[in-house]
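Order as written gives the chain letters A, B, C and D; numbering starts at 1 within each chain.
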Amino acid sequence: MTQLKKVKVGIVGGTGYTGSELLRLLARHPQAEVTAITSRGEAGVLVAQLFPSLRGELDLAFTTPDESNLTACDVVFFATPHGVAAAQAGALTAAGVKVIDLAADFRLQDLVLWEKWYAHKHPAPELVPASVYGLPEANRDAIRNAKIIANPGCYPTATQLALMPLIENNLIDVADIVVDAKSGISGAGRGAKVDMLFAETYDSFKAYGLNGHRHLPEIEERLSIMANKPVNITFVPHLLPIIRGIEITAYANLTQEITLNELQQLFETRYANESFVDVMPTGSTPETRTVKGTNHCRLAIYRPQGRNKVVVTSVIDNLTKGAAGQAVQNMNILFNLPESMGLDTIALLP
Amino acid sequence: MTQLKKVKVGIVGGTGYTGSELLRLLARHPQAEVTAITSRGEAGVLVAQLFPSLRGELDLAFTTPDESNLTACDVVFFATPHGVAAAQAGALTAAGVKVIDLAADFRLQDLVLWEKWYAHKHPAPELVPASVYGLPEANRDAIRNAKIIANPGCYPTATQLALMPLIENNLIDVADIVVDAKSGISGAGRGAKVDMLFAETYDSFKAYGLNGHRHLPEIEERLSIMANKPVNITFVPHLLPIIRGIEITAYANLTQEITLNELQQLFETRYANESFVDVMPTGSTPETRTVKGTNHCRLAIYRPQGRNKVVVTSVIDNLTKGAAGQAVQNMNILFNLPESMGLDTIALLP
Amino acid sequence: MTQLKKVKVGIVGGTGYTGSELLRLLARHPQAEVTAITSRGEAGVLVAQLFPSLRGELDLAFTTPDESNLTACDVVFFATPHGVAAAQAGALTAAGVKVIDLAADFRLQDLVLWEKWYAHKHPAPELVPASVYGLPEANRDAIRNAKIIANPGCYPTATQLALMPLIENNLIDVADIVVDAKSGISGAGRGAKVDMLFAETYDSFKAYGLNGHRHLPEIEERLSIMANKPVNITFVPHLLPIIRGIEITAYANLTQEITLNELQQLFETRYANESFVDVMPTGSTPETRTVKGTNHCRLAIYRPQGRNKVVVTSVIDNLTKGAAGQAVQNMNILFNLPESMGLDTIALLP
Amino acid sequence: MTQLKKVKVGIVGGTGYTGSELLRLLARHPQAEVTAITSRGEAGVLVAQLFPSLRGELDLAFTTPDESNLTACDVVFFATPHGVAAAQAGALTAAGVKVIDLAADFRLQDLVLWEKWYAHKHPAPELVPASVYGLPEANRDAIRNAKIIANPGCYPTATQLALMPLIENNLIDVADIVVDAKSGISGAGRGAKVDMLFAETYDSFKAYGLNGHRHLPEIEERLSIMANKPVNITFVPHLLPIIRGIEITAYANLTQEITLNELQQLFETRYANESFVDVMPTGSTPETRTVKGTNHCRLAIYRPQGRNKVVVTSVIDNLTKGAAGQAVQNMNILFNLPESMGLDTIALLP
């Protein structure tokens, strides 16, 4: 077999948790090579010094953005705060470099909404219309030819995979959906915040963001596109005292007669060819630990007490399928590689 | 001040988590004295040997039920599997002893429902009508004169306190309420089960009991009594990797125009005289750690995005307000003691 | 009984973990009243807003040091960084106010050593000689009459209680003692540090401070005073992924023939009148959870394989017996109150 | 490249944690194929039903020992209680099948010691002398030609790798070594025991096994062979509230003049060609999380305060390098495969 030329990868902002997760995955990817990783704060420091799990795995140092010659890459991942990718995407795509943004700059097509929720002017509104929302299970064909990919948020990924078959088949009342979501603490990032200290979060649990989480407009916009009408979500996130893992429990009222078996069948058919979505057998309860460090979403469908309410629970790893893993999946699609290449980890149990 | 005679307390089944929590609370109660604690399996063993946190606090050994002379007690708590309290309550109450059952024998007035959910014949149906449901915030007067008290379940306590003001004021559509509930693992008891091992539950999260949890009929029956019409709950419990703590997030549709401020005011007024219910200021997010080891319920009210859905989050300690603490609160009411006597612990923070 | 006048307490620096632990304990202390709590950063904020576990328990706001009129207090606790207490202690003691420093300003009598380990000039060397090291089990009489009390460090408390009977009786080779120590993360304080984030510490374990922890000179100085000759400790602390709790396992070579039973007897006799030291029966293994939130030290003595090495394991709560609880114990001694007043919490189990 | 014939693997006792870890590793091993996995209790059940992390990864069911035709395998792993492997090893090796025992049947050459510590008669003493202790870093050549491999215990692996360079070079007083060891809870296995429940172990820490842990004679025998004289270890294990991970901190007195730099150099040289031993730079503190799910041991060397005591800390994953990973490493050596084949996972960080 002819050895393919490896995809040259740049990472902007590699010192946070999505950055380190990209490094973990790409260090083992047979057809990708990280050629540059930027960080102003850590320039000159070996990656393996900051992340000792990479000792012996990756011989690479952080560089300043200026030194990094990102235009020589085939693809650049942005694991940065909001605003950075949009500011640089134009120059990169002009140079023929693909851009995958793990932040939110291209997640909303509705820029009025974007500017309301992100509270500043969008740096490159002209790039938004042609950007592609990178949820492969919904959008694979568009991803293949995209120049800029908006990698979905973690909650939106778990939620869309849970609700997509119901909405595509017009089975539920989209005006009243409840999504009760729980996320591990790595979702809050690697910033030094008192609220995220071990001593403040261990052995406790709470809701947060009840007045509005930025993933809400993303979920509503994407589901509305699927439904072809406005979708209303009551979305309450909670902080789970685990490192990785999102579980969402979604509740909706059925608008058509359909049995649980038929619902199960519908989900299984919808995801039959999706290597990263596992529709578990009726009666299962997806556990976050079974997807930790993997790119899988596992989900299960219920009609409690046989009543009219359909309940779907879905679990992902917020840093993998909810961020870096999905980004690599998108890269694989972009470069015509097998979609699960480099993403075949099995979760540790126990 | 004249020293009151102490309440003589018996505990049947003191080797589980609700039993040990009763011991912790009663060991410090100024007006109660545990005179008997039964356990067939541990008869002869010192309580402090099984629970080393009680070393130096309680000089008491487990005895067999036969030796225990429970009829000499003023009150007997049952911290036993379902069925035990009902079998013994008749003889005890005949002897003038008050009975507080921490299990489910007297939680449902509807015995058809009870026999369906608990899958065996009720041992003493004749005692059920006169038994009193021991949620003081709803039922204080009846408790005062009860002979048998059904101590509420943990999820039902957190749920009723969250929804009571809304239902009493006829503000929500009771035909469609969602309760997304999360409980710490102590709720599963002290039995040796593989599923509850540390290595099976730590760093993970899952829903469970989707096909029907025994607390559902209890919640629906009690709320229906409050509403004076049938209440429908979609109730999904989840297993939280913490020891103690329940959080429930309840979702309902408002049926009347009412602002968030008015809702807040309504809750504050409803609970103004309740020493164990803390209506937190608008915008707060109750954390389970703030009630750990205490008899408090903390709750907060929301209308996300100003939409029609009212959301209430409430937290309790499942072993305290959700079990043993509430049982002691009921005992205080029964014996005309200050309601918070022996229940004034402050949660550890951090 | 005549009601005593309550002890008026000031707390300098009440926003960290030792400060909040002082508040938890003093809020329930029958003979103490917190009249002032200072914090430049949080001046004007209600204590219960920062620590929601204190809602309804303490109606007090932080004030600036200037407003606080500390000289009107009977005793002032310093829960501050090193250097603060020494700078203010002179003025306070001159005004007749007792000072209890929970930091390290008065922990070392050897000021050369102090300045080496704390890397700055001591602010009030003249106050050091008369200050008293506040380990009641070693030093009760001196504490009673002290003006300034150096509240011991957490590791030193657990270590001294474990080794004191051996050293006082000249039973071990003090030139070669190993102390392998493990502390919960609250020991690192409430500062926002990346290293102490939940996502950096959960589900992991490591040694730290191998090049020298500031508690080493404190342990060596105190044990040398007891031994009346230089004591050498190899001290390796480790970071335990729990919030509260210290366990130390101490290893020493016996220099005299003595059986395990005799060792057990020696410890039991030594601590027979100490309400906060629990010598557990031979064969026990002290667990940190049995002392969580309490002022107890539990310990056990071993001679593994009957060899010449004596091993002692001891556990405390680093914030209680290791900090705020011991400080309140010292206050009780200073003001002639029962030593365990306000310190009678029973640990939660589970 | 010619495709090698895959190694046919049988696993006896695959329902515990070492069994499931073998499955995780072998499911991804390019040159191994699990052809049989036995369990009396779970016969007929799909492996992926018991371990949902293996859904889609392994299409294999448990079979009874009788159905399993283990003699058709190239190698059989025993992940069973002590005694099982020894009883079956004779027949298997007679049939030309290699045996790797993950339990203790062949870990001690001294059978008197074995029978004392394991409290029953050894089932096959005649097989012990020719069996090989499978610590590749100490014993690689013998492993290559072994018929029966005794896979080392978890604590002994971490301890030997920490002390080997010191002992081989005769640098320490082997009559007095302290090993303070800490293990995650998965080390206690998947049996349903009250002591290992989440609610009994979370947020706590304790020593255990002080009267003698079965890994002590194994450590002493192996180190004595290295030292060519009797080695004495004071070994105290502790229970760490994490799932996977062992940390040991070893303390010994130097018997020769040697600087820390020289010690560092000695370790680096000793392990220069070992792909699974990472000697970290001076000043590092190995964290268990950096080896979780991997076959690595990371260690660091210290001389605290420049005194005579050398301290080594080492970390491994007890289920991987401490059990199943090392077993696969041994299999690779036995079958002349690259030693790290199938063992190249990178730990998740965070």
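The definition used in the following text is that a contact is a pair of C-beta atoms (placed from the backbone, for glycine too) under 8 Å apart; a residue touches a chain by one contact, two chains touch by 3 or more.
Predicted model only: the values in this text are computed from it and were never measured.
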Original post:
In the touch network of chains, how many steps separate chain A from chain C on the shortest route?
Top reply: 1
Original post:
What chain lies farthest away from chain B once each centre is taken as the mean of the Cα atoms?
Top reply: D
Original post:
In whole angstrom, how far does the Cα centroid of chain A sit from the Cα centroid of chain D?
Top reply: 37
Subject >> Euclidean distance of C-alpha centroids - chain A vs chain B, Å >> reply: 39
Original post:
From the C-alpha centre of chain B to that of chain D, how far is it in Å?
Top reply: 46
Original post:
chain C: which residues touch two or more other chains?
Top reply: 17, 186, 190, 199-200, 202-203, 241-243, 287, 289, 292, 350
Original post:
Which residues of chain B touch chain A in the complex?
Top reply: 176, 178, 180, 182, 199-200, 203-208, 210-212, 216, 232, 234-236, 238, 240-243, 245, 247, 249, 251, 253, 283, 285-289, 292, 300, 302, 304-305, 307, 309, 311, 313, 315, 350
Subject >> chain A-touching residues of chain D, taken from the complex the two chains share >> reply: 17, 20, 24, 27-28, 51-57, 186, 190, 202-203, 243-244, 278, 280, 284, 287, 289-290, 292-293, 298, 319, 344-350
Original post:
If you look only at chain B, which of its residues touch chain D in the complex?
Top reply: 17, 184-186, 188, 190-194, 196-203, 241-243
